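Going in written order, the chains are labelled A, B, C, D and E, and every chain counts its residues from 1.
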Amino acid sequence: MARIGVFTCWCGENIARNVDVQSVAEQAAQLPGVRCSQTHKYMCSDPGQKLIRDTIAAERLDGVVIASCSPHMHLKTFRKAAEHADLNPYLVEMANVREQCSWVHSQRSRATAKAVDLIRVAVAKVRHNRALEPIQVPVTRKVLVVGGGVAGIQAALDIADSGVPVVLVEREPSIGGKMAGLSETFPTLDCSQCILTPRMVEVAQHPNITLHTCSEVEQVEGYVGNFRVTIRKQARYIDVDKCTGCGQCWNACPSKKTPSEFDYGLGKRTAIYTPFPQAVPARPVIDRDACLRLTKGRCGICVKKCQADAIRFDDQDELVSEDIGAIIVATGYQLYEIGKPDGQGRVTGYGEYGYGRYPDVISSLQFERLVSASGPTGGEIRRPSDGAVPKTVVFISCVGSRDNAKGLSYCSKICCMVNAKHTMLYKHKVHDGQAHVFYMDIRAGGKNYDEFVRRAIEQDGAHYHRGRVSKITQEDGRLIVRGVDTLAGEPLTIAADLVVLAAAMRPATGVEDLAQKVNVGYDEFGFLCESHPKLRPVETNAAGVFVCGACHGPKDIPESVTQASAAAAKVLLMFSRDRLYREPEIAHVQESACAGCFACRRSCPYHAIDPAEIRDRQGQLVRRVARVNPGLCMGCGTCVALCVSKSVDLEGFSEEQVYAMVESLR
Amino acid sequence: MNTAASDPANGEFEPKIVAYVCNWCTYLGADLAGTNRLEYPANVRIIRLPCTGRIDFNLIVKAFEIGADAVLVSGCHPGDCHYTSGNYHARRRWMLFRELLATLGIETERVHFTWISAAEGKKFQQLISEITSTTRDLGPYHAYREICETCEV
Amino acid sequence: MEIGYYPGCALHGSSNDYEMSVRACLAALGVRLRELDDWICCGATAAHSLNHKLAVALPARNLGLAERDGMEELLAPCPMCSMQLMKARRLLFANDALQQEISAIVELDVRGTTQVCNLIQIFQQVGYERIQQAATQQLGEFRPACYYGCLLTRPPGVVQFDDCEHPQSMESLLSELGAAPVEWNYKTECCGAGMTMANEATVLELGHRILSNAAAHGANCLVVACPMCHVNLDMKQAAINQRYSAEHDMVVYYLSDLVGLALGLAPAALGIPRHFVVRK
Amino acid sequence: MSQIISQPAIRRLVKQWLREGKRVVAPVQIRPDLVSYQPVRSADQFLLDGFIRPLNSIKEVVFPRHEQLFQYRVRGKQIDLLPAPLPDIERIVLAARPCDAAALPILDHVFNWESRDAAYNQRRKLTTVVALACMEHDAHCFCTSLGGGPDDTRGSDALLFDLGDDTLEVRCVTDKGQNLFAGQTESSTRTAPSVPGPERQADLQQVGQQLEQAFERSDWAAWTNRCLGCGACAFGCPACHCFDMVDEGGPTCGARVRNWDACQFGQFTLHASGHNPRSAQSQRQRQRIYHKFHVYPQKFGELLCTGCGNCTRNCPVSLGVLPVLEAMQAEGA
Amino acid sequence: MLQPLRETCRRLLDDGTVQVVIGYGQAMRAVEPYPVFITDPNDVGQLVWNEQCRTNLVKYLLRQEIRALGKPAIVVKGCDERALVVLEQESQIERSEIVVIGVACDGMAEARCEVCDAHQPRFADHTIGHATNKEQSAERRYAHLAEFQERPIADRMDYWKAELERCVKCYACRQSCPLCYCQRCIVEKNRPAVLDTSPTLKGNFAWHIVRAFHLAGRCVGCDQCSRVCPEGIDLRLLNQSMARASEASFGHRSGTDPQAELVLGNFSKQDQEQFIR
C-alpha cells in the first residue's frame, strides 16, 4: 500500500485567494494511497521544506505530491528536499495549482474542484513512480570547437589554456572568420586585425589545440562526454609540414582571375593562394576549380617554384576521427544575399536596390574591405565600377532585417553601429565626401555605443535620414537613391557615387546540417536554439553541445567573445567531474516483448536506439530487438508512442503512470 | 467517482476536457497564461507529457472512455520541438489517426490539435475558452458514453 | 473556364482597344468573360478622396452584383478598378459593422465572396506553362520594358501578388513566350495619370523619363497592363517628343497584346493598329 | 395427428413476447453470406428457413461472452463491493439448430460441477429453446457421428419442422415448450418427413481408442500446423465454455468480469512466471481434441461436441475438429 | 498453371534449395483450399491452384511451427506479395532466406480483384503464369470506402456500433494478418492495460481502433482480416481509410516499393495538414 504525502501550498494569497486550500487538503487526504495531507503558507520556504522533510521521515512516506506552482518552477527544489529526507527524488511529483489553476480561474468553487483533480492526477501518477538513480557516464576530456571565427578562437584558447585539449575545425583555409576581414571595430575604431591576429597565432602555436582548416564535421556519433566525431579534411594540395609559406608559388601562379572570397569579390586571387597575408595557418591552398593543372592537366609552375617540394596534386580528402567530450558550435554568420530569394520563401526582397546589377551598390562587409589597409584598394576608398573616389555615399540600414513583408523579422543588431562606423571611416579618408544614412531606428545600446553614433553625426557630419529607400536606379553613372525622410515628411532623392547596404545577418550556410548532426534545434531562420534564453544561454538541449557567437543569433564582437568564454566555462565545469550525471527519465526496452520492427529506431531523434541480438544458451540467434543507449536518450518518448506492442517505456512518464493519470479523471 | 466539472450551482452541462500537452511548449504556454493571469474556463485537465511525440493515439481513445467530452493535444510548433522532431512524428500520427476516427464516426470536432509555444499564453487562454464553448455547444459526448456502458447480462 | 468581367469606364471608353485585346487574348486561352450586368463606377476617380463611405459603397455594389450572379471571380483589367474592388472586399471582410452598413446602402448583401483579379493574375491562374504550350509564335524580336506603374502592385497589403517595388510577373510571362524583357529603373514609377487633366506638364515630364529610361536599358517596346499608363505613354508620346525635342518611338503594348501575338492572333484582332505609336 | 403453426402466427407470437419484455434470440441475416443468432428487435427480422447454420451459437444466451461478477468503488478509505444482480429477463431462443440446443445439457455439467454457477443456472432457468429441424446440411456438418441429427431434440423445449408454404410443425418436448405454444397451434394431419443426416462422419469410438495413446504422438504438428491460434473455433462452438477473469477499471472504480477465452490463444496457459506449458500451437490443438473427446467424457460422460462443424466453418484455414479427427483416423488405427 | 507450380516446388525441394513449400491444398471443392506445408518432393501433388486460393499465406513465414521446418518457399499472389515487402522493411524476414513463388492471378472472384493492379507478382523469385497489371486509379481502389464515408457521421457511428457489437474478440483478424507479428500483442499487456480485453462495445472499439491504427501506413490490403472474421465485420473499411490517407498525404502505398520509407517513424517537414491550429 502506498504511503503518499500531499503537501498543498497557499503560496501566500496566490493560491489561497481562489482555491480553498483547507478543503483541497481534506479532499486530498481521502484519495487512495494518501497517508497524510498538509498545507503550508509557503511550501518552498525553509519551514515549508522542513515540513516536507519531517513528514517524510515521520510518516515513512514512499511518495510525495506537492500541490503548488509549476513543476518548471520548483520540481527540482522539492525533489532535493525529498532527497535530504532520504526519499528518492523521483518519487516526488507536483500538481500545478497556481499557474494552471488559481491564477486562471476566479470562481472559487470550480478552481477548488480543479485543484483537487490536479492533485488526484498527481497522486495517481506518483503511485506508479519508481525510485531512479541518475545515469553516470564517463567523460573524455577533449573539446571540439566548430568554427574558427573570433568566438571559436576565444572558446578554444580559454579551454586550451586551462589544460584541456581542443580540436578546432574551420571550413575556410584560415581561421579568423568575418572579423579578420574587418578594417576597424566599433566603438573604439581599433584595428580589427591588430587585435585578432595575435590570437590567431596563439591558436596555431598552442600545444593543446589541434587545428583543422579546410575541414568540416562529417559525422557525430555517441553522446555527452563520449562523442566520436569524424572530420573531413578537404584536400589542400599542399604538404603543410613541408611548406614554408614563402609565397613563391602564389606570386607565380598564372591563374589570377578568381574573385577573392576574403575580399567578397572586390579583388582577385590566384588559384594557389592564402586568403590573406596574416592567414593561420600561413600556408597556401590550391583552389581545385581554378587551378589549371587540376582542371585542365597543364601548368605546374608552382611545383617548379616550390623549393620545399610541398605541392601535392594527388592530395585527397581525408577523414579524421576524434574522441570528444563536449562540442562548441561557433559557426558564425553570413550576410543575407540581397535580392536573391532564399528558395524557402522566407526572403524574397530588395531586388530594387540593384545589388549585383550596379557595381557600386555593395554590402557593408565589402565596404570593410574597401577601407581596410589590407584590402584590394590598399585602404583607399575607390568605388568598384571605375575606381573613382566616391564623394557621396549612401548607407542603408535594415536591408532584409526587421522586414516581415519580404525580409527577416528580426533585428540584425550590429548594423546601426556598423553604419556609424562606416560614415566615420569614410569621412576620415574622404574629407570632402558626404555620407548619408537611411535608417529605421538607431539601436545603439551598449557601452559607448550611443556616444559613437553621436560622434558620427555631430563630429563627422554624417547625414542621417529616418526613412526607407524605395529603390536605387543608375543614371549617368550615378546612383539615384530615392527614399523618404519621414521626419521631414518628404521624399528624398540623393544622387550617390556609392551605396552601401547593411544586409541582415543570417546563420552561415550548412549550420542546419551541422545542427542535425549534433541534435541541436534551430529556429525558423536557422539560428541555433539555446536551452533557456536567460538561464542557460550557451547550453543547448543536446547534452554536451554548446553554442556561442552569431550562429545563435545576431551579435557583435564583444558579445560573441563573452558568450565564447561562457561556453568554455560551461565545458570546463562539465569536465570538472570524473563522471557525468544524467537525468534517468529515459526510455528502456522490455526485450522479451520487443518484436524488433525498429519503428523506435527510425524515429529516435538522438539515434539512441540500436539493434541488439538475443541468443539462446547455445549462442544461436533467436531474434533482434531494440536497445536504448542510456547515454544518448533524452527522454522524449516518441519511441513509446510508436511502439505497437508497447515494449518500450519511458521512465518518469511510463505507460502505467500516464494511464493512471487519465484513469484518475474518470 | 465522477470528476466531470459540473457546476452544482446551476446544473448546467460542464464539458470535461482532457488535454495532453508537451512539457516544453504548451505546458509552459499554459504556465505563461497563469503568470499573466489570463482567465479561462476551469474545464480542462492537463496531463503533462515530455513531448507530443510521446502522445499515443490510445490516450485519445482512453480520454473518451473515461468520459471526456473533448480532447486537446498540443505541443511545440513545427521546428520548435525541444527534442527536434517529436512533433513532426506526432503530426503524421494525427494526420492518419483523424482519418480513422472519422471513418469510425467518432466526432473529430471533439479532438483538437494545436501548436502552442511557451510564449503563447494568450493563445492558450483563447484556445481553452474556445474549446470549452464549442464543446458546450456540442453537448456531452453521448455517443461514446453509450459505447462505454457495459452491456446488459 | 468562365469568369466575371468588370470593364470599368476606361475599357468601354477611351481604351476600348484594351478591351478588344483582353477579350481576344483570353478567348484564345479558352477563358470566357461574362460581363457584370448593370455595373457602375468603381469609385477610383474622385470618390476616395471625397467620401470614404462612397469609395467603399461604389465598388461594393459591383461586388454585390457579382455575388448575386454567382460569380466566383471577377476580372477587372484596369488596375484602378481591380484595386478599388479588392480594397473594398478587404474592408468588408474585416469589419462586420461596415459590411452591414454598406449592404444596406447598396441594397445588396455584400459578403465579399467573389474574388477580384487583374489581368496579370488571370494569366497566372491560367498558368504560364499552359500559355507557353498554347503559344504558336516566339516573341524573340521583342525586348520589352515591363511597366507596372503605380497601381498594379500597390498597395502591397491589398494587391499581394508580386513584390511591390521589384515585380517580376510580367517579365517571367514574357520570357516564357520568348521575349527578352529588359531590367530597368522605372517599372513601378508614376506616369502621372492623376495629373492628366490638371497638370499636363508633370505628365509629360514623367512620361519622358519613363520612355528615356526604357530606351537607355535597351528596350524596343513598353508593356503595360493599365489603360491610363497606355494613354500617357502612347497617346501623349508625340507631345512628349515635342516638348522635350525627343525622338521617342516606343511602341506601347498591353500585356494581352503580346500574349495574343504569341498565341498567333493578328495584330488587328488585338486592336494594336489603333495605338498611336505603331511599329514600323 | 400433429400440431402446426403458420409463420405469421409465430411472428405474432414473437411480437407478443417482445412486448412482454422477453428477450428473443433467433437467426438473423446479417449479410447475404452470414446468418447469426442475434437478439431480435422486431418480429419480421429473423429467419425461419433458408439457412444451414448460423456461424455463432446459442450458448451466449446462458453464458454471455462478457459478464460482470462484481463492481468495486473506493470512497475515501472505504471500498464497496457491489455484486452483479442475478439475471431476471426471460429469454426465448427461436429456430435454434438441434446441434446448438444439444450443447446446453452438455454445458450444464460443467457449470454445476463442484461449484454451481448461479448466474448460469438462473439464465438457463429463464431460457426456453425452440429448435428448428434441419432440412439441409453442408460439408462441415457431422452431427450424426455424435448421436445427433436433423431432428435431434436434446436440449430443446420444442422442435419446429418446416412444412413448406409458411407452415411449421411444432413438437413440444418439455413442459416449457408446451407452455410456450399452448393455445397457439392448430391440429393437423401433416407431419414433417424425416431428413437424412450429413454423410460426413467421424468414428468416435476409434477416436476414443486412439486418444488413449495419442498424447505423445509426434504427428500432432503435422495434423494441426496450419492453426493460426485464434479463437474462432471456440467462440463459434456451442459447447466450448472456457472463460477468463479480469479486473477492469482504475484505482477508484471498476469491475471484475469474466470473458470467453479460447484454448488456442498463446496466452491461455501462460503462467505469471513466463513459463507456458503449452508453448506450441500443436499442443494447444491436442488439448482441444483431448478436452472434447477424452477429458470431458471421462469426467462427465458426454462428448464436448455436437458435430455442428462451426469450428471448421469459422476457421480462417478450415481446420476445426473434424479435419484433425479425420487426419488421425487416416494415420491410423 | 498447376503443373508448372508443382514442378517448380518439386525442383526446389529436390535440390535442397528449400526444406518446405508453403502452398495451398484442398480436400474437396466444397471446402476452401487451406494452407499445406510440403516437405517431401513426392507430396507436391497435394498442391492446388484455383480461384478459391484467397488466403494470404505470408503469415506462415512468421509462425514458429513453420519456421521450424527449415528454409521456406512460399506461394504468393501479386497482392499477398506486398506483405513480404513490408515484413522485410520492418526487419521481420530476410528476403534472401525465402524463396518466393509468385503465381499470376486473374482474380479470386472477390470485389477487390476487380480493382487489383497486382495480378502479376513483381518481386517473386519464380513466377508461374502470366497476367497483366493494369493501373487502377485511387478513386476506383477506394470506391468502397468513399461510398461509406459519404454517410453522415452519426450513421457511421451507428454502423460500427452494430458491427462491433457482434465482435467476440476471437482475434482471427489479428492471427491471420501477415503484418501482426508482435511477440506480445498490446491487448495482452497489463500494467497498464491499455485497452479492455472484454468483448464489450467499449473493448471492441478500442481493439479495432488499435488494430487499424497499428496497420496505418502498413496494411497491404490483402483483406485477410475481413475474410476470416466469423462475424462478417467489414474491417477493410478501417484499413482502407488508413491506406488511402497514407497514399493521399504521404504518397505511400504500402508494400509496393521496397525502397520507400515507412510512413510512421519517419516524417517530412513538408507534411501538410489542415486541422492543427
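Here is the rule we use: a residue touches a chain if its C-beta (ideal position, glycine included) is under 8 Å from a C-beta of that chain, and two chains touch if they have at least 3 such contacts.
Just so it is clear, the structure is predicted and the values come from calculations on it, not from any experiment.
Without chain A, the rest of the assembly breaks into the touching groups B, D, E | C. Comparing each chain's Cα centroid with the centroid of every protein Cα atom identifies chain B as the most central. In terms of C-beta pairs in contact, the better-connected of the chain pairs B-E and A-D is B-E. Chain centres here are means of the Cα atoms, and by that rule the chain farthest away from chain B is C. The greatest centre-to-centre gap from chain D, using C-alpha centroids, is found for C.
Chain A and chain C have Cα centroids separated by 48 Å.
Centroids of chain C and chain D (each the mean of its C-alpha atoms) stand 82 Å apart. Distance between chain D and chain E, defined via averaged C-alpha coordinates, is recorded as 31 Å. Distance between chain centres (mean CA atoms), chain C to chain E: 59 Å.
Chain contacts: chain C has no residue touching two or more partner chains.
Counting partners per residue, chain A has 592, 603, 642, 659-660, 663-664, 666 as the residues that reach two or more other chains.
Among all residues of chain E, those that touch two or more other chains are 193-194, 200, 264-266. Chain D contributes residues 30-31, 33-34, 36, 38, 55-56, 65-66, 138-140, 221, 225-226, 228-232, 234-236, 244, 246, 248, 257, 259-260, 262, 265, 267, 280-282, 312, 314, 316-319, 323 to its touches with chain E in the complex. Contact residues on chain C toward chain A in their complex (touch as defined above): 156, 163, 165-166, 168, 183, 185-186, 188, 213. On chain E, the positions that touch chain D within their shared complex are 27-28, 30-32, 34-37, 55, 59-60, 63-66, 166, 168-172, 174-176, 188, 193, 196-200, 203, 224, 227-228, 230-232.
On chain D, the positions that touch chain A within their shared complex are 74-77, 249-253, 274. Note for the complex: chain A touches chain D at residues 30, 32-33, 124, 127, 592, 660, 663-664, 666.
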